[in-house]
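These are the structures, in structure tokens.
In the two complexes that follow, chain A is the common piece, with chain B as its partner first and chain C second.
Showing the complex of A and B:
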């Protein structure tokens, strides 16, 4: 009775998506990054290829972040200067990508103009050599203006731009298509809408390998299991030949994890939870580590210690377990 | 659901004539038309009137492959013709077909393994088509055993339980459905199942209605593939819908379109 390793052979694979434009492609990034390309379930190196590791993008906002105090404290010397902040994330914390959230565009907030927002993105592009992910403030109409302008002015940089949603995708998808950027397609924890949105975006002419799925995760303790199972289903679909679900996946880990009071609360009444300084970063790291097992390709994160833990986790997982 | 486009068959007048005159145009037009409609395989049948089956089938494979990269389903009772076709097929082909007769099994299974081809195995032997599901399954089991014996991967064996026209052989339809269900239990991994769907409605009125209704019923029993009219839009929509209702494909509003472009 010899032991035989059971190996699944999948008929298809996850799309390989390139992020960042270098001099060769008309951009200024020091290097491009690839995500996706897997021919197997997460880190089952023994039955397929995992050609690219998941990447970590650290979040930078163009205005002072409305983050919980203990998290904000981690960046107290730079959070009023997105350029210095981005540099710190790359130089000190080894972020693969910078995730720029243009909260300053919010009409109910700083209400910055598309030109001002674009200037911020450009100054970050000059300061760091890594690829960028750009997200708007969440106001559909304003984001269309802002992201359209950013896409146009930064043509060649192959930014990842989000979010396209079912009720608002045309303008941003068109901008990505014309100016050759990659699009994040966001669906509200719904694989059917996820698939339909990818079809709609693709029908506008954006190639399937320039789309990234954002399944809209829940953080640890707050619905992460729904996202987990949807992500597993998306990945199985990709491996079984569903081209419309073959995109790499991005997860807003930092945002969701740091909304949880378990991450940021401190003081008397939370003593039974242990130290916040330990618990908070772990809350984010566990959220990321869990979703990596469901197939996450791009992790949008915040806390340097959480990033460090997940970097270690990723490098362990990328070690071959071939038989 | 694997759709095997049935149209390039010498039994159809235009194809029969094209094969006689060695005119590639009708074959190539149907190849493209079926591919665009969502066919996954193209059935290739010379028809009964071809002078030399070997020459005719080989020529058909050649001209169809000039315009389509779909894998082919070589539909012929002359195994020399099939072998000649297999030798020039660019993609692993499907042999249509081999009954559960020992001499034919011994001819077809090694040939399939040699050419990396798949086989449609018919649940019939020299005695003809069985009346009930039990006897169909007994023959299916012989084909499953043959796959093991000759080293054909089980997923490359397509059992066809042989549907007959509902107007003259009505009692066969439920037996075929039962046979499909039981075929899926014969091995692990299970062999695949296939039907020559259009047979169910031979010489009956409103054939498309009968065809697509039976298709949905058969898919519920575990049907994996069908030789059918890929250009029958309601039929293709039925296949797409049944796939969704069986949770074989993730739902989205454009599911029919997705099915056809797969």
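Showing the complex of A and C:
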């Protein structure tokens, strides 16, 4: 008998989310980007549509980054200047998006004011034409002030702003709703909390196609399999018609991968693991690559070489495999 | 894959004679489906029905063994498409391609590199599995290379040749090693199948595409050989992903017998880092063997780490032994950290304690391999349990002080724990990432 290709027919699809506001929509971005929209599991082009490729956002911090030395070295000429840094990521490394982390707002750190943080974001907006993702410093109260201000001052730019969490979502969700930005909803590796949070945010009036799920991944070797399986379940939920799980997914790849000593450790005692200069970027690229297989739509990354590898991996996977 | 009672009923003689026990054929079929009786109790069942039912009760993907002794690699025998549905059972075999054109010194060097590919991280040991010898020249050279490699490694072997005469010589050269013979194609399959039968070795089957693969497998199984490993012939990342998915899906969901075998995929990218990214896709999506060219440690470690992660049983978290762990050159004044025996939790803490540069003790309390908050919520990380652990594990004999550091997330336990244990409880940071700063301010590193 001749083999007949086994095709799944899913009843629903992943929401298509637009990132970045252009002149037509009241923003200043050179172009907008779309993510999501898949009607099948990752890269099974033969049975469904994969209309948008995953996008890579490179991370820029507003203060000197607290990164392991070998990673930080990659940006030594720019890490004190977020604007130059962002430009380098776009011009040289072809980042699709810039991921601005406002660590400077940290009350225990530089304690920058909401106005100062907004000024940084605005200057990056002026310097690059790509859409931006903005994240706070992690202090809930301060982030609400800072992100509220950024959302207001950058109305029309359709930023992606995070993070909304189960205990703290109202203020940031309201800011995204009023000023028309996209929201990142973060849940700690828990599909039920993930759904709950999406419902809460949606009930406030934010449309489902302006929400992105951050499932809070673990890095390679440190619990990535939990994230992998949660993401597979989220994606399957979307395809099977669960509207509350139909959002595209964002993964904090750079942050998690570079926490592993396998990525940054150098020197004699780690010789059995080979050279750090290869191992490090590959650790980050592998973290991204595996999560792409689970349905990741937006990858927040750091190392230029890792970015390059994942760009190649994505372009390979976007080739048609129709029978 | 079990059949339903109705599917079995269709294959029965429908005499309703009752000789099998149950009064009707339908009732017998229901008992068979529930595995309460066996088919041989029916004296009238046809041979076709026996074969169909036998095949249906066989596992959807055959278990194939490559190699011999304690380095035998088991492939296939998987039952799910998603690890969260159950688990993936047999980790992808990692093979390294070595061409027979290498001279003696190069070959020795290459084998040395491959043999040294063993890693230790977070309490786990990773190893690679196979050496794939590839023919590029004549039979004599291929045989010589196989001989050298056979003598130089304990890993299992793959013989890559489509020439039957060369294959036979190579098989003679590594008798007893049970290599994977790769392989059979549309042009040579009958001779290769005879050869595989003669030496009783698993046979790789390579076709032009997935449809040709299906045809070729049927021809080979018609010759009576079923020790197979499949290759659809695709080499582009996207097509290989699709083909591997189809083979796995057809075998499991449709019980499609020609695809009920393990698979092999070849990473082809020139750049070794791209090659590993490609191998990652194949490993993630069902390949039973992945063949690589690069042998550098820094490239292989990330791939082996992902393999270990992916093949971890989702229902059985990896645990560390509950005992006193020493990080650095500890003394009687060193601090004592408490955590749980969930491997991930323990190694997160260990990594940060190591990073703090303060020699310390770590005690992972047995929580059946659950994380701090999970264990706490389930009542497995209570003041009583922790107190009992501290007082039976013997830490009191190791340190002069009586202070223990509790994970910040369970600060609420501190009062009761002090009372139950008699130790002073210090509330540490909530995240392990906060340990270096905590240790610095408290112990002045």
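We adopt the following convention: the second predicted complex is superposed on the first by the 323 of 323 C-alpha atoms of A that agree within 3 Å, B and C clash if a C-alpha of one lies under 4 Å from a C-alpha of the other, contacts with A are read in each partner's own complex, and residues count from 1 in each chain.
Throughout what follows, a residue touches a chain if its C-beta (ideal position, glycine included) is under 8 Å from a C-beta of that chain, and two chains touch if they have at least 3 such contacts.
Remember, it's a predicted structure, so these values are computed and weren't measured experimentally.
A.B. asks: In the superposition on chain A, see if there is space for chain B and chain C together, and answer fit or clash.
C.D. replies: Verdict on chain A: chain B and chain C fit.
A.B. asks: For A:127, decide between first (touching chain B), second (touching chain C), both and neither.
C.D. replies: neither
A.B. asks: I'd like to know which partner A:191 touches here: chain B for first, chain C for second, both or neither.
C.D. replies: first
A.B. asks: Using the superposition on chain A described above, determine whether A:245 touches chain B (first), chain C (second), both, or neither.
C.D. replies: In the superposition, A:245 contacts chain B only.
A.B. asks: After lining up the shared chain so the two structures overlap, which partner does A:228 touch, if you call chain B first and chain C second: first, second, both or neither?
C.D. replies: second
A.B. asks: Looking at the overlay, does A:83 come into contact with chain B only (first), chain C only (second), both, or neither?
C.D. replies: neither
A.B. asks: Thinking of the overlay built on chain A, is A:199 touched by chain B (first), by chain C (second), by both, or by neither?
C.D. replies: In the superposed model, A:199 contacts chain B only, not chain C.
A.B. asks: If you count the residues of chain A that each partner touches, which comes out higher, chain B or chain C?
C.D. replies: Here the partner covering more residues of chain A is C.
A.B. asks: Report, in whole Å, the shortest distance between any C-alpha atom of chain B and any C-alpha atom of chain C after the two complexes are superposed.
C.D. replies: 5
A.B. asks: Show which residues of chain A both chain B and chain C reach, each in its own complex.
C.D. replies: In the superposed arrangement, which is not itself an observed complex, chain A uses residues 233 for both chain B and chain C.
A.B. asks: For the complex, give me every residue of chain B touching chain A.
C.D. replies: These residues of chain B touch chain A: 249-254, 257-258, 262.
A.B. asks: Which positions of chain A touch chain C when the two form their complex?
C.D. replies: So the residues of chain A in touch with chain C come to 1-3, 5-6, 43-46, 218, 220-225, 228-229, 232-233, 236, 259-262, 272-276, 278-279, 281-283, 285-286, 289-290, 293, 305, 309-310, 312-313, 316-321, 323.
A.B. asks: Note which residues of chain A are touching chain B in the complex, please.
C.D. replies: Touch list, chain A to chain B: 191-193, 195-196, 199, 233, 237, 241-245.
A.B. asks: How about chain C: which of its residues touch chain A in the complex?
C.D. replies: Result: residues 82-84, 119-122, 210-211, 213-215, 218, 236-239, 241-243, 245-246, 249-250, 253-254, 256, 258-259, 273-274, 276-278, 280-281, 284-285, 296-303, 305-306, 309-310, 312, 314, 344, 347-348, 351, 354-355, 433 of chain C touch chain A.
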